[in-house]
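Since the structure comes first, as structure tokens, the remarks are kept for the end.
Note that the chains are named A, B, C and D in the order they appear, and that numbering of residues resets to 1 at the start of each chain.
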Amino acid sequence: MPVPSILRPIVSVQREDIDTRAIVHALTDGRTDVGALVTFTGLCRDEAGRLEALELEHYPGMAEAELTRIGEEAIGRFALLGLAIVHRYGRMEPSDQIVLVAATSSHRQAAFDGANFVMDYLKTSAPFWKKEHGRDGTEGGWVAARDADDTARLRWKQD
Amino acid sequence: MPVPSILRPIVSVQREDIDTRAIVHALTDGRTDVGALVTFTGLCRDEAGRLEALELEHYPGMAEAELTRIGEEAIGRFALLGLAIVHRYGRMEPSDQIVLVAATSSHRQAAFDGANFVMDYLKTSAPFWKKEHGRDGTEGGWVAARDADDTARLRWKQD
Amino acid sequence: MTRLVYFAWVRERIGKSEEDLDLPASVETVGDLLAHLRTLGEEYEAALEFPDAIRVAINQEHAERHERIAGAREIGLFPPMTGG
Amino acid sequence: MTRLVYFAWVRERIGKSEEDLDLPASVETVGDLLAHLRTLGEEYEAALEFPDAIRVAINQEHAERHERIAGAREIGLFPPMTGG
């Protein structure tokens, strides 16, 4: 039996905007075995006009390592054919892209589940922190972690 | 209380290739309330080299109507901020795009669920049929409906 | 006259993609229609030999076997769908 | 010497983003480290007043309170994460 090749996720932690088209091309070009592609893009909201900008801080080195760990687990668990995780840091304004997860698979549910799984783990274990800047000039403080994110992660626990 | 405006999905049934970038722009440009975008793209596989092409037949008129019905249900059910469904017909070769579903929402799970729901319903109720053409020159016949697709649809049943 | 439209292998077996038919008054439901069509010739017999595998739409909306076809402008017959 | 790195409001309250510390031999676990840091001044006290809200990474991997820090090159302290 052939040894399965070890597929590594494409991971990038970057200040510049995310080029979704280039990432999708990297995952699909020249491939005739990919039947499904799911992308998730997280965007900066203005919180009903309250927010001027978000500032994203990260732990350099650990951020890349943690996204790679999450990505490798997702590839193995859902038998993905390809996976990319791109997360930005720095200042984001409303409608800016913050994060992209793109997953490919033979059949559709694996790509959906793979991307969803990555987002749930990313939210609670990738070392990024958001600080809000209000439109009234105030520094709105650090966004608090949500219990709902911990709950979302728990649904992937295996017995 | 303001009456909520009735949001209609963008629906297209077309022979030409799908311009995902244009669809995503239509759903997100100038919006500061969108926090999540999920896209699903279904691609033509070569079935381990066996397949030369797929021919997609559809029921003109009913295909658009059915995709619109499915889309409206998804928008209401998951409180989506936007939804687009694009399905091609005609001849597709391996790696060609067949279908795109793009959903936007404030928070991530709604966009994932909305796109997933649309695909499950589309598979079993949108009037499209696939015929295979083999690389050995044979007309491989019509693809049979999968019980798994009916099962996938059942998970959205509400009590 | 009622317009009948056929798709995929139903179309191939019947040998045409559409036709206008005068349906007898006794054909009241979708189920009646399927039984009636099977009397029209062996190509219909071949297309409809497994009636459970046939889906029907009245005026471009999915219809169950018990639904009445009175007033239908267009009735579509086709196999289970395989899009996506 | 062990390198300590701080992020988000932990960094802001301590007033620096990193420092090298000589840790006493009695500081054996992550839990010991948090207790020790709180003795270093009121800025540390303020940063660590709710120890349950602090996450710790040893050599850039998440670490629980009971884990030993012997041999750690870099220890990170930060609040619960809010990326994505």
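Criterion: contacts are C-beta pairs under 8 Å (C-beta built on N, C-alpha and C of every residue); 3 or more make two chains touch, one makes a residue touch a chain.
In UniProt terms the chains read C, D = Molybdopterin synthase sulfur carrier subunit.
Only a predicted model underlies this, so the values are computations on that prediction, with no experimental measurement involved.
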Chain labels contacting subunit A and also subunit D: none
Mean-CA-position distance for subunit B and subunit A (Å): 23
Mean-CA-position distance for subunit D and subunit C (Å): 72
Chain centre separation in whole Å, for subunit D relative to subunit B (CA means): 48
Per-residue multi-chain contacts in subunit C, two or more chains: 84
Sites on subunit B at which at least two other chains make contact: 42, 108, 119
Those chain pairs that satisfy the touch definition: A-B, A-D, B-C
Touching residues on subunit B, where the partner in the complex is subunit A: 20-21, 24, 28, 30-46, 48-49, 94-95, 106, 108-109, 111-112, 115-116, 119, 152
Of subunit D, residues touching subunit A in the complex: 5, 7-9, 57, 60-62, 76, 78-84
In the complex, subunit B residues that touch subunit C: 42, 56-59, 61-62, 65-66, 87, 98-99, 119, 122-131, 142-145
